[in-house]
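These are the structures, in structure tokens.
Shared between the two complexes below is chain A, which has chain B as its partner in the first and chain C in the second.
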Partner chain A sequence: MAISGRAGLLALAGALVVGLLIPSWSGIFLVTGLILIAMVIDLVLAGAVHRLEFTRGGAQSVRLGEPAAVTLTVRNPGRARVRGMVRDAWPPSAGASDRHRLDIPGGGRQTVTTPLQPTRRGDRMAYRVTVRAFGPLGLAARQGSHTVPWTVRVLPPFTSRKHLPSRLDRLRDLDGRLRTLARGQGTEFDSLRSYVIGDDVRSIDWRATARSSEVMVRTWRPERDRHLMVVLDTGRTSAGRVGDIPRLDASMDAALLLAALASRAGDRVDLIAYDRQVRASVQGTSAAELLPALVNGMATLQPALVESDAPGIVAEVMRRSRRRSLVVLLTGLDPDPLEQGLLPILHTLTSRHLVLLAAVADPRINEMAQARGDAEAVFDAAAAARALQEREHVVGLLRRRGVEVVDATPEDLAPALADAYLALKAAGRL
Partner chain B sequence: MDIDLFVAAHRAEWDRLAQLVRRSGSVRGAEADELVRLYQRTATHLSIVRTEMPDPALIGRLSTLVARARSAITGTHSPAWREVGLFFSQRLPAALYLGWRWWVPAGLAFMAVTALIAIWVAANPDVQAGIAAPEQIRELTRPGGDFETYYSSNPAASFAAGVWTNNAWVAAACVMLGVLLGLPVIYALWQNALNIGISGGLMMSVGRGDVFLGLITPHGLLEMTAVFVAAGIGLRLGWTVVDPRGRPRPQALAEEGRPVVIVVLGLACVLAISGVIEAFVTPSGLPTWARIGIGVIAELLFLAYVFVIGRRAAHGGETGDIDAKYAGDKLPTAA
Partner chain C sequence: MTTSVSPDARTIWRAARAPVLVGLVVLVGAIVIALVRGGGEDGAVDPESVSPAGSRAVARLLQAQGVTVVRVESWEAVRDNVNSGTTVLITQPSWLTPTQLSTLRDEVPTLVAIGPVGDSVPALAPSTRQQGTVAPQNRQPDCAFDAAGSANIGGVTYDGPTRCYDGTLVRDDHVTLLGDATPLTNEWLDEEGNAALSLRLLGQRPTLVWYLPSLSDAAAGDQDGAERSVYDLIPSAWWFALGQVAVAVLLFMAWRARRLGPIVAEPLPVVVRAAETTEGRARLYRRAKATDHAAEALRRATISTLIPLLGLPSDAPPAAITESVAARTGRPGADVHAVLFGPPPNTEQALVQLADALDALANEVGSH
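Up next is the complex of A and B:
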């Protein structure tokens, strides 16, 4: 049960009546009794809330940052009218505007729409539906809660998809598909065709020319059907927030852009998310279904506050890809976790695969390193320079072991990783 | 991984870190870098131990070490003088301005009640008789009586200090006790209104209302404004307990309570000024218009401080709360 502000105002008016007209104990009892009786009558006349029936509908998945709407249909099987409020409660991260007016005659139904604006990735589950039905006087209300389950899956936003067209253009140049303008680069033999003025004379195939009546040139194209293994580290270093998003989410964004680009380039992309066990795995998916599969697989991933098991990651990658692949490790560049974990066993990975390590850098550190002005800023700049130096040291260690490193701020990570991939492809290193 | 091997491999680093932490006040340059480096490394060790070989004794030891190293590294404070400047230029005026919807009505209601009491006392001789014996009243209200000599009863400096301590104490209590739903604040306001109303009423009943106002206005304007501010902010704190506006009550109290402390400190400064006026101006031989003029100027300066500087600071986003990085993180809530 609940009482309204109107009941409070009535009690205040009652106090004035007692004070001015009947200032005695009997007056107090009389007025209090009258108000209580009015409230009880109101409660009795209010519609029953525990028998209400609920059904849900509406959005089941939404990209992070986009609005969604979930509907709630309330049916009133009783005879009394149910008039009041309903609260369709969601967790704070669902961003729900959850209070609605309710007015259902006996036997009728009403549909209310709860708009959601999720602020976090993952499954958002509805909490309880609470109905407060006021009586005709509006003094007191019956209140009851119902559990009406519904889940909205909030998918990674893939904000970096705006970079995809420009990278696809670059890929097309690389691919030599615009043959009239540019010859394909790459190392994989594509076909022979007759020489036209402007072709590089070094690519003339003299054996073919000897057999033919005209001068033949070889054309090349980038390798196709290469294998990419994207590894998302979901250990403790991925939980840190850079800007306002966890490192893991920035890594996911980069992984999605890379996967979209690589699948258009004709490469196969697999993904695993790993901390001490496989958290998500997308393997052997066709190019058309790859992005939805990745987005769904990543939607519920959350960073685990444990130390990542680097030997486990390496073993899992080795088990899954027997032939040479490009292994993209999306992890942190923090000196200690790397030195204690990945570095000692990196050679196992690099002996078979090409390894590209991508990490989220904190733009705040670069800002601090630039800051001058007062003593505090200079001390901050010194500390930032120290942090950057340590990071460079680790990058140097990795490069010496033949690992490609991409270290970029959250906004730049996805395009930088895509560029690194294109550069490797152009150089024929896949 | 073997735990003894792990301990043997890293014990030297942990001992070195413990040694650096012990004398963290005096580490410089290379040693400070080493301290940070070892802190990060030991934190990683702690994470590894927790995840791979949860041995309670080792976890306890490393947790303590990491926590102490963290407080040694992050426990240093930024220069405090800037905080003092920010306090007077931003935080205090903003906190005062943001509370004006509470303390201006509180002040108006207080003055109305006081005036009603004064008129009631002055107009009813039987009420005066109920307050005190006629000779006591005469002793209080006669020229050169207790009411007038109160302000010069002690040497001015000690009187100012005494008045200031008392007023600052009352204001602080008024604000802080507001947390009890504001009831003590209302009680304190009522007591003060009664006190002033009766004194004023008794003085008016013998036709000396002008003397009363001349004595009370120079310092009273600023002093009473400070009391109204204290009461208004205290009431707001009390109302926060009643209606935390969708936040959890502890969090709402922390957010509303921190500006309250700012206000208490600020009011101590304001009351120091009014205490000086009360001790040096009120009992002085200056003509009444000069004494009242000084009080009015002090009051106008205060109002300008609140409604010009404070307004600007508040519109600049200042709330009187401490920096977000010191206030701690909070869980999101659905209102």
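Up next is the complex of A and C:
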């Protein structure tokens, strides 16, 4: 049960009665007793809450940063009216406005809508529904809780999709579908057509020209149906917060833009998230279902505070992709884990695949490196310079082993990775 | 459709106008009252005040006649100064309790009180009654003060054994009640017989204790009187009402204490700032005063930005770098060498200077 503020107000008014009319102990007992009796009557007349029936509906998934709404339908099977409040409790990061007024006549039903504004990625589960039903006097209420399960999956926001149109334009330039036919080494033979002035004479196909009455040139198009393997490292380096978001979220954003671009370019994209085991895996999905599958797979990923198992990642990639692929490793550029973990076994990966390593750089380090003025600032600058040199050193080591490296701040990582992919594609290195 | 819940200017004004209006009325009222009553009250009947309502003139006059004027403001000070050769003038008898006033009457050989009313009158002069009030004007003594001549006096009137100036001055044994302080003020002292009357009233004895009571004096006097606490003043019926209020408080507590469902707990992700290790290293440098390591890192950073600008191979020897920088900037080679490859700085100050020197060098190379 619960009582309302009216009971207290009534007792306060009773203080006047006691003071003016019956100033004695019996006066106090009389007034208090009357209030208690009224409360008991109210409680008896209040509608039963434990027999209420609940059904849910509404959003099941929402992008982070966007609002969602979940409905809750309450049916009152009893005869007494249920009048009061209902709280549809959600975890704090679901951002729910969870209190609603309730007024259901006997046998009736009412639907309340709980707006959600999630502040974190992942699955948000409804906690409990608590109903408080007041009696006709509004002095006392019955209260009870019900478990009405519902899960809203909060998907990664994919903020970098604003970069997608410009990258698709560049892809079309490569493709030659819209404008000039891009020619370069490593592109695929497409068809033969007759020579027009302005064509590169090196593309003349002499054998076809001999067979035909006019000069024929070969046309080319960028390679298609290549395989991309995106590997999200969810180990401890991905937990570091750069600006407001963890490195993992920035990596996801970049992975989503890359996947969207690559699937439009006709390539197949697979994804695994790995630290010491596979945390998420998207494989063999068609282009149309790729993005939904990816955001769904990524939604529940959280950084694990363990050192990533580099040999495990390499073995998993080798196991999954037998033919040559572009392996995109979204990980950190911290010297120690890379030098001890990945570098010694990198050759197994590079021998079969093209490896692109993308890492989230911290603008704070660059800021520190520029600091001057007093001793503290200069020590900061020295430490930042040292960190940058180590990073540079590792990048050098990786490049020497034939690994492409993209190192960019969270905002720039997604477009930079997309550009790196487009450059590889234009060069026909996939 | 969205509805903004943050208040706009109109809402704020609507919510605030009532309190603002009340505040304005109070403020204007206070100013008007202050203006209407203004001025005269300041330092009234104070022997050191030169304002029109003050009494410095009469105090000087008395001193010239050989009377010692002692200005006191506290009850204790009055008691300390009273002896058989003192006159006591009380400017605000109403601010003292009747008990205090009768104590004074018993102890002081000559007592003058200005405008006592109510309980103060019988406490000071048992055979005197208060009558009414009149405006100050020129009045004739018609009694033992004839010699003083007419005086400007008004205020409270009394009926007593010796009644002068239409009742605005009454003498009862050794106590004199004065209707108001007009004859003593700087403004009126030189009119009519005011000065003569003042000197006759206050100059009878060698010492004049000029007592300006303060409100705390009544409390001081009460300590030995029958003081009652606030609680004694509450009728006993309301004690029971208070008991009922306690019941109400308990009910309010029960109302607020009952939650609408439990608090929802949620595991939160670990927050690790990515730059933490670098900042930690900076703190270590600082604590260890590792100026040499810091200088080394800064120099390497500068050299690695210089090398591509100079078009040198990445493993160029120091001599080649120095030479190239000197050629590009026109600085002496020894100078450049000292900045880029000199001995490490020993103090933090030197490190800061080195950092600035490296920046300057990189800027010069970049701009040439």
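Note that in this section the second predicted complex is superposed on the first by the 399 of 430 C-alpha atoms of A that agree within 3 Å, B and C clash if a C-alpha of one lies under 4 Å from a C-alpha of the other, contacts with A are read in each partner's own complex, and residues count from 1 in each chain.
Following the convention adopted for this analysis, a contact is a pair of C-beta atoms (placed from the backbone, for glycine too) under 8 Å apart; a residue touches a chain by one contact, two chains touch by 3 or more.
Everything numeric in this text was worked out from a predicted model, so none of it was measured.
In the superposition on chain A, A:Pro303 contacts chain C only, with no contact to chain B. Looking at the shared chain after the overlay, A:Val44 reaches neither chain B nor chain C.
Ranking chain B and chain C by residues of chain A touched puts C first. Shared-chain residue A:Ser93: touches chain B and chain C both. When the two structures are aligned on the shared chain, A:Trp25 is found in touch with chain C, with no touch to chain B. Using the contact criterion defined above for the overlaid structures, shared-chain residue A:Ala375 touches chain B and also reaches chain C. Once chain A of one complex is fitted onto chain A of the other, the partner contacts of A:Ala423 are absent, as it touches neither chain B nor chain C. By the touch criterion defined above, A:Pro335 reaches chain B but does not reach chain C. By the touch criterion defined above, A:Arg276 reaches chain B but does not reach chain C. Comparing the two interfaces of chain A, the one with chain B and the one with chain C have residues 89-93, 375-376, 386 in common. Residues 89-94, 96, 98, 119, 236, 276, 306-307, 309, 334-337, 340, 375-376, 386, 390 of chain A are the ones that touch chain B when the two sit in their complex. Within the complex formed with chain A, the chain B residues making contact are 33, 36-37, 40-41, 43-45, 47-48, 50-52, 78-79, 331-334. Of all residues in chain C, only 236-245, 247-249, 251-252, 254-255, 258, 260-262, 264-266, 268-279, 281-283, 285-286, 293-295, 297-298, 300-301, 304, 348-349, 351-352, 355-356, 359 touch chain A in the complex they form.
For chain A in complex with chain C, the touching residues are 2-5, 7-9, 11-12, 14-20, 22-25, 27-28, 31-32, 35, 85, 87, 89-93, 99, 120, 127-130, 132, 143, 145, 239-242, 246-247, 302-303, 305, 360, 362, 364-365, 368-369, 372-376, 378-389, 392.
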